[in-house]
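What follows is a set of structures for review.
In what comes next, chain A is part of two complexes: it sits with chain B in the first one and with chain C in the second one.
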Partner chain A sequence: MPPAERKSLPARFEPGDRVRVKELPNLYYSRTQMYVRGVIGTVAVCTYTDLKPEDEAWSRDDAPYEQYYIIRFRQKDLWAEYPFDKDTLQTELPDSWLEPVTA
Partner chain B sequence: MAHDHDHEHDHDGGHPAAPMVAEVTDFEILEIAVRELAIEKGLFTVDEHRKFTEWAESIGPASGSRLVAKAWTDPAFKARVLADATKASLEVGIDWSQPTGFGTPSDYTEFRVLEDTPTLHHVIVCTLCSCYPRPMLGHSPYWYRSPNYRRRIVRWPRQVLAEFGLILPPEIEIRVEDSNQKCRFMVLPLRPAGTEGWTEQQLAEIVTRDCMIGVALPRADRKADDVRPVHAALRPVPHEEAGR
Partner chain C sequence: MPSRSDLKRLYDVGAQLAPMTHQQQDWPYEISPDAYKAYLQPPHDVGGQASGPSVFEEKEEELWELNTYVTCEVLGWKGVWNSEERRRIGNNDLGASLYYGFPYYGRWIWAAARMLVDKKHISLMELLEKIAEVKARHAAG
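Then we have the complex of A and B:
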């Protein structure tokens, strides 16, 4: 279903914000890759609002929509011994998988 | 070849010769089961399924090549592509809402085009499964769906690109785009030198599928339909002898 005029939770982040991916257990289904859990990245793009995968997988169509973001990570933050300073990786995550990073 | 027909039933141990079959995965069995249930239930017919499969498998990367060539020659179109690629796709004849009316293949998708610059190179992957901009590029190559590529391109992108023959200096940022949700991505590579004054049609011919995945760069001297090098056989058999 296209994200039309659905009730959506407010977006908590905007491009440039620093965020950390939450360390949560997998309950049956998730699209949040293990390799980004607990890692700090930067919001690159606000994309669309939609159900989060955990709700969609169980057809919880009445659950609220959430803002999705493309998050940019430094490869050196994802992999401890990564040797190239400039390289980055982007992936997409819904609002509830992110927590703000201050300072 | 060394055996003749007399030996055909002459196997030991009583085991009949097993036919060669490819291994079928659990997911393929699941797909067949769901498909057959849907046909029994009357959601679609066998013929409709075949027609859809033929249509889906007939899509190739030509639309993507045209999109890139048009973006190289028309700055206003490039701006529209970068602002809203889903909408700009209509200008090269691709409607992302088709065939279901709300998305392809079965769900809402948002198409985004990643623009390379002299200091930034993109490469796409889906670490979770096989997400790929299918309306624009057709079916993904088999290696794109392999765990080998999916695991390693995020962890060792420069080494994997080197295996494809693409070696980039460390000054160029490599950005891996993992399409794990509903965005689908395609790379808009840099227009190569030596293509000044080319038409859109000429340019489209050098934008191969791999250039839009990000594992190759377009070159003025390489087209998708170039003649492959032919290596002579070590022991050639003339056709008139082979026919006997």
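Then we have the complex of A and C:
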């Protein structure tokens, strides 16, 4: 079945939204880097919908697709001693790993 | 049969792979919360970790590396595994020692064979017999 026809969970975020990466434990597998967990970033792009890595890695092909986003972080928020204010780092994460930031 | 001195050498090399922080901790033991998190961190999540200097070497892929690449891709096209299973098995399930110890495509081919056994496409004994057969053929020239 082509991805467009797949059942997909609604996207909770759009470009410009502030999001925090969830602080879930590591067990068996992850694609969410340790250094972004608990850190607040900004949604730069909504990319595509797909299985989340935790499902695809065990061939749970009937699991719902969800939205992936490119999240932009300030380097200074990620690395305590990072010297430059304006530098950013982008990485791609699925909806499940993000939570909204209010205020 | 390996000579007894060859066997001793293998054991000695294996002992050197134990982490520097290793202590006799099978029983009784406890580990700190930091150590627990570090042990459970997937080996491929290396961003932010310190690393030593490495030599940049410009070279083409070797034949075994290209063969490994094609084998893994064909298994993907045939639907035997998907890209995330490949990453899980080849980056994570092999453990830290093999992740750091094997070359890049060595991890790929380890993962491909492991997956074929896990999914019952081949049995482990069939795989072992085949590896031994190919080794013997190769040694005979």
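Everything that follows uses one rule, which is that the second predicted complex is superposed on the first by the 101 of 103 C-alpha atoms of A that agree within 3 Å, B and C clash if a C-alpha of one lies under 4 Å from a C-alpha of the other, contacts with A are read in each partner's own complex, and residues count from 1 in each chain.
We take it that a contact is a pair of C-beta atoms (placed from the backbone, for glycine too) under 8 Å apart; a residue touches a chain by one contact, two chains touch by 3 or more.
On a predicted model such as this, the values are computed, not experimentally measured, just so you know.
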item	value
Which superposed partner A:88 touches (first chain B, second chain C, both, neither)	first
Touching partner for A:70 - first (chain B), second (chain C), both, neither	first
Contacts of A:47 with chain B and chain C, given as first, second, both or neither	first
Which of chain B and chain C A:58 touches, first, second, both or neither	second
Larger contact residue set on chain A - chain B or chain C	B
Partner chain in contact with A:35 - chain B first, chain C second, else both or neither	both
Touched partner set for A:26, first chain B, second chain C, both or neither	second
Overlapping contact positions on chain A, where the chain C interface meets the chain B interface	31, 33, 35, 53, 79
Interface residues, chain B side, partner chain A - complex	97, 102-103, 108, 110, 112, 127-128, 154-155, 157-158, 170-183
Contact footprint of chain B on chain A as seen in their complex	1-3, 31, 33, 35, 45, 47-48, 50, 53, 68, 70, 72, 75, 78-79, 84-94
Touching residues on chain C, where the partner in the complex is chain A	37, 40-42, 45, 47-48, 81-85, 87-88, 92
Complex contact set, residues of chain A against chain C	25-31, 33-35, 51, 53, 56-59, 79
